[in-house]
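A, B and C are the chain letters, set down in written order, and residue numbers restart from 1 in every chain.
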Amino acid sequence: MRIKFEGLTKRFPNRNKKIKAEVVAVDNFTFEIPDGKLVGLLGPSGCGKSTALNLICGLETPTEGKIFFDDDDVTDIPAENRGVGMVFQSYALYPHLNVKKNIMFPLQNLKGDQKLTKEVMEAKALEAAKIVQIEELMDRKPNEMSGGQQQRVAIARALVKMPRVLLLDEPLSNLDARLRIQTREEIKRIQNETEITTVFVTHDQEEAMSISDLIVVMKDGAVHQIGKPQEVYDQPANLFVAKFLGTPPINVFTGKIKNGQLYIGEDMLLGKDYVKDVKDQEVFVGIRPEGFVLREGKDGVQDGKNGCFHAELLAVEVMGRDTSVVFSSADSEIAGTRHRAIVSSDNNVDPEAKKVAFDVNPKKVFVFSKESQERLI
Amino acid sequence: MNDYTQLGKKARTAKTIRLTVTYVLLGIWGLIVLFPFYWMILSSIKGYGSYNAEFTPKFFTTSPTLQNYKDAFTQVSLGRYFFNTFLFTVVTTALMMLVIVFAAFAFSRLQFRGKNLVFTLFLSLMMIPSELVIITNFVTITDMGLRNTFTGLILPSVTSVFYIYLLKENFEQIPDDLYKAAKVDGTSDLKYLFRVMVPICSPTIVTVVILKVIECWNSYVWPRLITDDPQYFLVSNGISEIRENGFGRENIPAMMAAVVVISIPLIILFLIFHKKIMEGVSRGGTKG
Amino acid sequence: MSSNVTEVNRPLTRSNNWKKRLSGLKAWLYLLPALIFLGVFMIYPLIDVLVYSFEEGYNSASQTSFGTGFYNYAYVLHDPYFMQAVKNTFIIVIITVPLSTLLALLISLGLNSIKKLKELFQTIFFLPYVTNTLAVGLVFMIMFKKTPYTDGLINMVLAIFKRGPIDFIDGPYWAKMFVMCFYTIWVVLPFKVLILTSALASVDEVYYKAAKIDGTSRFRMFTHITLPMISPMIFYLVITGFIGAFKAYSDEVAIFGTNLNASGMNTIVGYVYDMLYGDAGGYPSYAAAAALILFAIVFTITVINLLISKKTSVK
């Protein structure tokens, strides 16, 4: 099912009662989530992504705007009539019920001609349990299971009534690192199998990038960019998006455009071919760690002299496949930042050298306006 | 789509109705709770004559008077009862606080042989109903010749196993390192107790004090057994005495004035500390 | 080597031991006041009350008795006043405990479903807890009492419905019992409402959200989520409620005055005190026997309650 937002806005009164101004949790959402896709709502904590999820499922009513499921306006429909399934961050499994009863719970709510017999309910519960592969645990109580198992039960409970939309609130945040990778693949698999439009919320960009068909990057209630993960990574719309995606994070410097060329300090990074007709101005320059190419000297060793970007070498960390070069620059956006370049381990870097010089891969260099922080190049 | 709009509307109407009903019912119970207070204040400011002339009681009065309050303090020794209760409450609470702070300190911080055994014994004492021991205590106090004395009134209620337990649990949450640091600095146990532990646990201490004050102010059974001289009556006994012998029995407005005067201190205390009191009670107070 | 170590350690251990003993002594010193008071006013009486209850014909004036046995229990159990007190107590318990718990649950549910005025309501509802029961009892008495001068407030209300007038204080037994139960509930409700409100508030909101999305009806949410989750607190209230109601006494005095036997509204605890002191007083043996009978009743009921609660929570 398609989910469409039209000017969706949610404002809360400020928690600090002395402040009159309202908090805008969701600011004028207008976009569409296509049918059958896995969509990640991504943003730092407090950006309103959970509120957005609550608006979709109907636990909150919007201050303004509309929500459509396909062509139905569901803005005023109570949660129970929307046919959504939701997995909560804490799973919200009923502690006094065993797995089977937890999964059957939504089915037992059906009334009138939708009412099911006990046999049908049990069959459906088993079916849902099979999808998430927990059919052996049906008699356990929630507190007798690991976090990962509880998570599966929660998904099974959300799936059992065949929802039109599946919503997951920070689905991996309560799991340890190893389980996290396993579970996110699991979510992808379940979504592929069921083909239910799925929206999940996360603050972890890696999580969002790895499984989403589409990511929505949010900050302060506003959508900053929507796109396929790779697109958003390669073509960030603004400085925030560029900074938020990618580990290690993008390196940001202050620079300027002068005579149609991009400078960081004295170093000229991009020529007229790239800068094209952007006006001369102060800018922020973001360079992905993998966008640096070591410029080697005559004897094949880094000499810190040649290259279009010069910096102070701080450390060299060998990580096997890659080498990470840690450096500082006088032109950092935030003074004293330890920047990081990821280069192939074939490169020889002398850890004792004081200086380092790089070429840059223009595709990995993004230029943002200093004022609006919007992307220029 | 029409269906959907209707569903939304229905849900909203149901919610409004539910909320209205809830407020009305809560309001009714609020009235039931508050009405006796209103009635006692109202009756206390009606004149003796006008009160008795109302065959059908009126819900207001056009000629309020403070005469009843004057009578309450002059015709019966309300002031005396008041002072007695005040003294009883302050001394009992203060003594009890000392006793329980020391005991809780010993249990929570000091190491000694038989600690667990003694503490278990303490805990099992919590299950003993006061009705069982009051009989002997009555005889003990009588035999000691302490009837109609403050000592006799106060002594049996200066310990509380429950409060020792509550305080001990709280004391134990203070990190060991603080005690060690104080020891290194050469702080004596007693000083550590009153300079560090008591201030840190002041919320619990305040809670216990408040609960004990309420208990003392309202205590009735023990004072009734141990005093028959009105010189030593507390307010509860005073009320019972007033009801039976004071004001020539039928002077209800004067009685109500006495009731108002007696109720006011705790109500004021409650209005100031209502959050603290309710928190304290829900953490483990029971009435009496 | 090993002997060397022991030798070096010996003096140290000795001084440590001495220190330990000293700090142990200090600990006992801190405990001393509590131990003395508890010993004199709780532990000794506990043994003594048993002794009293088996001493036949003990006279508190001459401090003599003429034998031991079950006579005191037999006397108490054959005393019509005691039987009346038992009957009254049981009626009060059976009516007020379930009713007050149920009412408290309803009020707490109401409180938990509102936002505006919630704190005001909570504060008002708690007010009876901090008031002097004797004092407010007097107000209840005059509201319900019928005198030659006035039928009283309640009878005025009843008259609107063409009922009454009934003398609730000196009239028929059921009317007196009604006032008694009404007042008891009024007095015990604040504590129960407070406990249940915080129990309800401690149920994680997320369960209700999950249930709402799954289309759970409000009734089912209550029976399948709320009740199971707050059931420990309900059991706690029922158990303490039973114990408290069995000890009913001062609320009765508040409404009916000190001579409870005369008004036929005495309770077991009232009987104990009357035996000890008061018009019929001076018989600590009878009082002790009655108190122990009460203790046995309360103990049995509490054990039954605990068994039921255990069974239910296991299920």
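Everything below uses one rule, namely that a contact is a pair of C-beta atoms (placed from the backbone, for glycine too) under 8 Å apart; a residue touches a chain by one contact, two chains touch by 3 or more.
Please read these numbers as outputs of a predicted model, since none were measured by experiment.
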{"item": "Minimum number of chain-to-chain touching steps separating subunit A from subunit B", "value": "1"}
{"item": "Chain whose Cα centroid lies at the greatest distance from that of subunit C", "value": "A"}
{"item": "Geometric centre distance via CA averages, subunit C-subunit A, whole Å", "value": "57"}
{"item": "Length of the line joining the C-alpha centres of subunit B and subunit C, rounded to whole Å", "value": "15"}
{"item": "Multi-chain contact residues (two or more partners), subunit A", "value": "78, 81"}
{"item": "Footprint of subunit A on subunit C - complex, ascending", "value": "204, 206-207, 209-217, 220, 224-225, 228-229"}
{"item": "Touch list for subunit A against partner subunit C, complex", "value": "57-59, 78-82, 84-86, 88, 90, 92, 94-96, 105-106, 108-111, 157, 161"}
{"item": "Partner subunit B, residues of subunit A touching it in the complex", "value": "71-78, 81"}
{"item": "Subunit B residues touching subunit C - in the complex, by the definition given at the top", "value": "18-19, 22-23, 25-26, 29-30, 32-34, 36-37, 39-40, 43, 52, 54-57, 98-100, 102-103, 105-107, 110-113, 115, 118, 122, 125, 128-129, 131-140, 142, 155-156, 158-159, 161, 164, 189, 214, 217-218, 220-221, 224-225, 235-236, 239-240, 243-244, 250, 252, 255-256, 259, 262-263, 266-267, 269-271, 274, 277-278, 281-282, 285-288"}
{"item": "Complex contact set, residues of subunit C against subunit B", "value": "20, 23-28, 30-31, 33-34, 37-38, 40-46, 48-49, 52, 60, 106-107, 110-111, 113-114, 117, 121-136, 138-143, 147, 149-153, 156, 186-188, 191, 194-195, 198, 240, 243-244, 247, 249-250, 253, 257-258, 269, 272-273, 276-277, 284, 287-288, 291-292, 294-295, 298"}
